[in-house]
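Both complexes below contain subunit A, partnered by subunit B and then by subunit C.
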Partner chain A sequence: MPDVTLVINGQTVTVPAGTNIVDAARAAGVAIPVFCYHPRLPPVGMCRMCLVEVWTPRVDPATRQVVIGDDGKPVMALMMGKLQPGCVTPVSDGMEVRTATEKVHVAQKGQLEFLLTSHPLDCPVCDKGGECPLQNLTMQFGPSTSRFDYGDKIHFEKPIPLGDLIYLDRERCILCSRCVRFQDELAGDPVLGFDHRGRAWEIISKSDPPFDSKFSGNTTDICPVGALTSADFRFKARVWEVRPTASICPHCPVGCNLSLDMRHDKLMRVMPRENDYVNEIWICDKGRFGMRFIESADRLRHPLIRKGDSLVPAPWDEAIALVAEKLSQIREHAGAASLGGLAGPELPNEDLYLFQKLVRQTLGSPNLDCSTGASGAPEVVDLAATLGVGRGTNLAKSGAGTAVLIMGADPEEEAPLYVLRLRGIVARGGDLTVINPYPTKLERSAARSIRPHAGFEAFAALALVKAVLDQGLIATEFVTARVQGLDELTARLREQSVESLCETAGVSEASVRAAAQAFATAEHAIIIYGRAALAAGEDVLRALTDLALLTGKAGRPGSGVIALLPGGNARGALDMGVHPGAGSRRGMGAREMWAAARDGRLRGMIIAGMDPARDNPAIAAALDALEFVVVQDIFLTETAQRADVVLPTASIAGREGTFTNAERRVQRFRQARIPEYNTPAGWEVMQRIARALPPGRSESVTDARPVAGRRAQRASGATATATMDAPPATWDYAVASDVADEIAATVRGYAGTTYASLGLTRAPEWGRQPDEAVYYDGTSYQNAEGIGIQIAATADDPKTVFALRARVPAPFTRHATRPYLLLAVTRAYDGGEWGRESKLRSRMVPPHVILSVADAAAHSVAPGAIVRLESDAGRIELPVQIEVTLPQGLVLIPDVCGTPLSTIQTGPQTWVAISRVA
Partner chain B sequence: MIGAIFKGLGTTLKYLFRKPVTVEYPDVKRPVRERFRGRHQLKRFANGLERCIGCSLCAAACPADAILVVPAENDPAAPHSPGERYAARYEINMLRCIYCGYCEDACPTNAIVLEHQYEISFYDRKSSVLTKTELLVAPDRGHGEIPPILQQLNRRPSPPAQIDL
Partner chain C sequence: MSLLEKSGAEIDAIIARYPQKRSAVLPLLYLAQDEYGYLTDAAMREVATILDLPPTDVFEVAGFYSLLYEQPVGRWVLQVCDDVPCAFCGAEELIATIQERLGITVDQTTADGMFTLQRVKCLADCNHAPLLQANLEYHRDLTTPQQVDQLLAALRRRAESGEKLSISGRYAEQ
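Our next item is the complex of A and B:
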């Protein structure tokens, strides 16, 4: 767009055409007070706080020429003869804006005087007080007295709950509609609205349950007054009394930057921290309201040792000595390979790294995994490490020219903040395609939504590849330089046609072709895949890889693949080598370990931060069959209850560390408080065990295979290859940063991710400017602690060459007697341990099964009725919910606590029969 | 030289026959000035409700960081104070306090008032921290007007709108 030059308070600035005056002034460092406008929201011009004098060159109506005065300069005229709202007035050439004249000041004073006529002035008891734009602007621009009668103030009942999480105080609301616009335009959950008019005008929630959005907490931030406040922070402290500590949300692979606001070592509230690369200024409600678990009274405080049937508290020395003794005993008698280790993908990199070092190097066992090994858990196929999104990708800047393809993922549940990010891309002119076997909310924002039959996703993915080949959409330059096997691929797909593939998948050919066209012709394109894609199997991911490669959408900023893997730090777990393929010797994965435990080949296990026995009797039985199990966790989980030794650890508030997010950004979180109950960090526990172990044979973790070689990468779609140098055999880490230094030295790609350099990373151009309090007061915190370092993916090295591996999926046959395909779907509010003491408890759903309208009718079940589901593995009974848009033949079970999924699942996709019980 | 000595002794001699100015404390207690700033009290309204709404503004104003306020939400059925919020904990560390009266100035409800009591001593440091129980006046000692001591200061009542005096 052409640039426009204008003068603001005597300063000349040049901004893109279409910019509004407030933003142009920000560029010039002039703050225009606003209430309804926010730089992250579309403007409406509702509050009139931003009135300024706008002078434009006078145009002669007859000649349509600018009138030139005697001094040779254009004659200026006040636009429309009065003040103009800066937030909705676009700039134009030759414009002159004056923001500090007498006239403007009078308008600002008057505006504030009006706003305050119906404002209760209860700043002393208002949770927004101290970071309230209305307070601050009144002090800066407002009148010191009011001509209105104090007794005439409008009164409403004090706060009414707008859902369980947010309170609305209607007296304080200035009707700026920021909350409504946030929900409508950014979150895409239009659940708020206005009701009544005049003095009775008020905000209401239109949804049932009220304020049903995963982003509701953000409205309390952008509300410029204390009208919307969080029930979680209600009267906990004044905002100036809290000590904000930089943290990272551990709940999902987005890795939102948070601030844990502490007072007297207690968590008062959670606030977002600005980071355009990750979460802009938002966080989802799971991050905001799901952190109370750190102060739960149920936290483990002491090590526990099994004495007979019960676990009894024991001193640390005794517990560690016992663990070391038992583990080395098993190693002596049965060999290191009879030991195994599982670590949860929510643990920080430091813990995962030392866990891996302990098991693989010190104990000498290659059996390591970060998955639970439940029957329904899909194999993790990790394209994010190989293709990845190019280094330097900033989704907040992606827009027109970017095409996004979501394949088998429900970002709202698996990584909520991606909903805001992706909707942002669409709002800025990007293209969005959603391919998913079941309906998701993000579909509503998509240009096209493609719904393959469940089980046939691979055909839809292959149809995209075929369409790219057919329509000549190949990025020739990229393919010649970096891709091998094009001829073979063409040969493999010769028999196929887009039409037949689409027909098999049950999707419209036109929309697949359109999606392929949009993806290939866009300047940048991003693929996001998640649980449903992983469940559909490797063929889908092979096709997706080839789609990205053929169209040249890899290895450069703004393009690539993002994997929504389960767990907040799955990326870190894979990078740290917590998976069976990471060492020189392939070990057993979780599923093989459980089988080995049952038949006695596996004797001892060390499990950190994972609860595989939850809702899984088979795994619980396998655990019981083991000779010795040590569990490290923060709660006495079902797995911990079956352990021989339980070691408590600090939560993320009680220690420091790093996480790696889905876009491979390594981010550091700080210690917010002294560790709860003086529990040590997970990495310290690993170190204590390692030090107590008698020396034994050890195995080097050096990877025998070349990693990011020049050779065609055979495994571009397989689980990540090992990427680690042999760590030193010593265990002398005094602080977490010692571990981080070793990670930086040994884990490939992590070079440079020391705490010192992570802390120095600064926002480039988008960081908040010093005079921007006017816009950002009360919202997120400024990011002063570092925006993290994005490590390189294999594809970022221009020398890597990839092989095309898409293949025609084996014909997919329906089960003869079990006609329904069951998929387990992720729920953000899954009832896990993280939800303890959280206000989100009320949003967590009990176990249920979701049927389509037709299938429910066929079995004449109403919502709430109980049905029996039967598969080859077993049978379960669950209450029914009916989903209007669910395709017939598909059955969804939300993967929430208490659902006996393992009883019925034979794999990620399970054929079931349904019968009505009651 | 000699003259100066006699002048001094003369003064001594003069005072020898005057009435002594010594006050026989603690048998006799001198009245303090009206605006004397002594030990704090937390006041109540006439209906017995606590004036303090737990806003922490006194703590924010305190230059000695002597005040701790932990707020909580009133139970509408049995409120501690008018409105939604009250101080669940209110403590002043009298060893830190410099009796500047800023807390009194900051208080929007005239709840915290430096009264005239100056006999403040402790046997240990812990007891120098006065808690809400010690600071709060008896329930029948409330008043709707601003506290008497503050009236001489011509202090305007500035309660939050929800509080009707």
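Our next item is the complex of A and C:
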């Protein structure tokens, strides 16, 4: 866009055309006070706080020429003869803006006086007090007295719940509509609105349940007064008492930057911390309201040791000694391969790294995994480490010229904040295609939604590849330089046509062609895949890989693949080597370990931060068959209840560490409080076990190549290219950053991710001025503790070459007697341990099955009726919910706590029969 | 019986008038309040479902317009203009007479559910002041109590005769 030059308070400023006066002034360091304007929302001009004098060159109506005065300069005229709202007035060349004249001051004063006519002035008991724009602007611009009669104030019943999470105080609301616009425009959940008119105007929410949005908490941040407050923080503390601590949300692969606001050692509230690369200034309600677990009274406080049928508290030394003794005994008499380790993908990198080191190197077993091995859990296919997204990607900057393809994912449930990110890309002119076997909310924002028959997703994905080949959409330069196997791929697909593939998948050929066209011709393109894609199997991911490769959408910023894997730090778990294929010797994955446990080949396990026995009797039985199980966790989970030794650890509030998000950004979280009940960090527990172990026979540590010791390694950390297999054999970590240093030195790609560099912050290029009272973007925190480091993907190295591997899926046949395809779907509010003490409990749903209207009618079941589902594996009974837009023949079961999915699933996709019970 | 079951054809015809479904929100709300006597919570949700609108949007519309009633009203809604020209010509006397005859005050409904009395601003017929509209039907030059009596009696008769009434004024002649 061309630039426009104007004068603001005597300063000459040049800004892009289309900029509004408020933003232009801000660029020049001039603050114009605002209420309704928010730089991340489209302006509406509702509050008139931003009135300024705008002078433009006078144009002669007859000649349409600028009138030149005697002094040879253009004659200036006050626009419209009155003050103009700066937030909705675009700049123009030659404009002169005056923000500090007498006229403007009178208007600002009057505006505040007017707003205060209906304001209750309950600052002393208002949660917003201390960070309230109305307070601040009143102090700076407001009148000291009011001409209005105090008795004339409008009175409403004091706060009413707008939902379970947010309270509305209508007396405090200044009707700026920031909350309404956030919900409509950014979140895409239009659940807030205005009722009535004039002084009776008020915010309402009539969704069911009220304020039904996963992003509702953000409205309390951007509300410029204390009208919206969070049920979680109301009356807990004054904001100036809290100590904000930089943290990272552990709940999903987005890795939102958070602040844990502590008073002494108590968590008062969770707030977003700005990071344009990750979460802008937003977080979802799971992050905001889902951290109370750290203070749950149910937290484990002491190590527990099994004495007969019960677990009894024991001192740390005794517990660690027992673990060391048992593990080494098993290693002695049955070999290291009879030991296995499972670590949850929510654990920080430091814990995962040392867990892996303990199991693989010190104990000498290659059996490691970060998945539960449940029958329905899909194989994790990880394209994000290889294809990207490219280093330097910033979705907040993506827009026109970017095409996004969602394949088999429901971002709202699997990684909520991506909904805002993706809607932002669309709002900035990007293209969005959603391909998913069942309806998701994101579809409403998409240019096209493609719904393949469940089980036939691979045909739809292959149709995209074929369309790229057909339509001559190949990025020749990229393919020539970096891709192999084009001829073979073309040959493999010779017999296929886009038309027949689309027909098999049950999708419209035109949409698929349009999606392929949009993807290939966009300057940048991104594929996001999630649970449904993984459930559909490897063929889908092969096709997606080839789609990215053929169109050259890998190895550069703004393009590539994002995987929504279960667990907040699945990326870190895979990178740290917590999977069976990471070492030089392939080990058993979780599923194989359970089989081995049942037949006695596996004798002992160490399980950290994972609850595989939950809702899974088969795994529970496998655990019971083991000789020795040690579980490290923060709660006494079902798995922990079956352990021989249980070791408690600190939550993320009680220690520091790092996570790696879906876009491979390594991010650091700080310690917010002294460890709860003096529990150690997970990595420390690993170290204690390792140190207590008697030295192993050397044959068992085949994976380890001795190196010169940690200190020496760290010195050369910058250039280290060591693989997972060659960490130093020593265990002398004093603090978490010692572990991080070793990760930086030994884990491929992590060079440079030391705590010091992770703590660096950018110049304030994001344009936020949080500490400025006049210009107000909300209560989210400025990022002063580090924006993290995005590590490279394989494709970022221009020398890497990829092979095309898409293939024609085997014909997919329906089950003869079980006609329904069952998919387990992720729910953000899944009832897991993280939800303890959370206000979100009321949003968590009990187990149920979702049927289409037609299928429900066919079995004459109404909502709430119980149906029996039967598969080759077993049968379960669940209450029914009916989903209007669900395709016939597809059955969804939300994967929430208490759902006996393992009883029925034969794999990620399961054929079932349905019958009515009651 | 739901709105769709009862007036499906009419609803289809209304929706067909607009390029976008959502534009039919006002006519459907008129239909709904005639059907249910006023806009119940359930009625507004029903309209939202028919038009694929978020329920909140429908409540916003209903709350904004004074001819959409979210509280129960009588079969006849009497709206007397009390704006300045009418006030000069006896609007207040007219209101007083009606209140006295019906035994209710403004914004109340008679116990038999026949009449609701409201004050409104200029009805754009000042040369016939004082006046009122009954279900949007104009009754002009109501200067004497006798005229009021006659009017109330006539309206009552019409309601009792089984005539189809519309508080939305869908059958009102202008």
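Here is the rule we use: the second predicted complex is superposed on the first by the 876 of 918 C-alpha atoms of A that agree within 3 Å, B and C clash if a C-alpha of one lies under 4 Å from a C-alpha of the other, contacts with A are read in each partner's own complex, and residues count from 1 in each chain.
Simple rule for what comes next: a contact is a pair of C-beta atoms (placed from the backbone, for glycine too) under 8 Å apart; a residue touches a chain by one contact, two chains touch by 3 or more.
Here the structure is a predicted model, which means the values were calculated and not measured.
Enquirer: Touch check for A:124: first (subunit B), second (subunit C), both, or neither?
Expert: The first partner, subunit B, only.
Enquirer: Quick one: classify A:147 as touching subunit B (first), subunit C (second), both or neither.
Expert: Neither partner.
Enquirer: Looking at A:64, would you say it contacts subunit B, subunit C, both, or neither? Reply first, second, both or neither.
Expert: neither
Enquirer: After the superposition on A, what does A:799 contact: first (subunit B), second (subunit C), both or neither?
Expert: Touch partners of A:799: none, neither subunit B nor subunit C.
Enquirer: In the overlaid three-chain picture, which partner chain does A:197 touch, first (subunit B) or second (subunit C), both, or neither?
Expert: second
Enquirer: For subunit A, which side has the bigger count of touched residues, subunit B or subunit C?
Expert: Touched residues of subunit A are more numerous for B.
Enquirer: Mind working out whether A:159 is in touch with subunit B, subunit C, both or neither, as first, second, both or neither?
Expert: Once the two structures are laid over each other on A, A:159 reaches subunit B alone.
Enquirer: In the overlay, answer first, second, both or neither for which of subunit B and subunit C A:205 touches.
Expert: Touch partner of A:205: subunit C, not subunit B.
Enquirer: Both subunit B and subunit C touch subunit A; at which residues?
Expert: Common to the two interfaces on subunit A: nothing.
Enquirer: Which residues, counting only subunit C, touch subunit A once they are in their complex?
Expert: Those in contact with subunit A are residues 44-45, 54-60, 63-64.
Enquirer: If we count contacts the way the header does, which residues on subunit A are in touch with subunit B in the complex?
Expert: For subunit A paired with subunit B, touching residues are 120-125, 129, 150, 153, 155, 158-159, 234-238, 240-241.
Enquirer: In the complex formed with subunit A, which residues of subunit B make contact?
Expert: It comes out as residues 53-57, 59-60, 70-73, 83-85, 108-109, 160-162.
Enquirer: Could you list, by residue number, the parts of subunit A that touch subunit C in their complex?
Expert: My answer: residues 190-197, 204-208.
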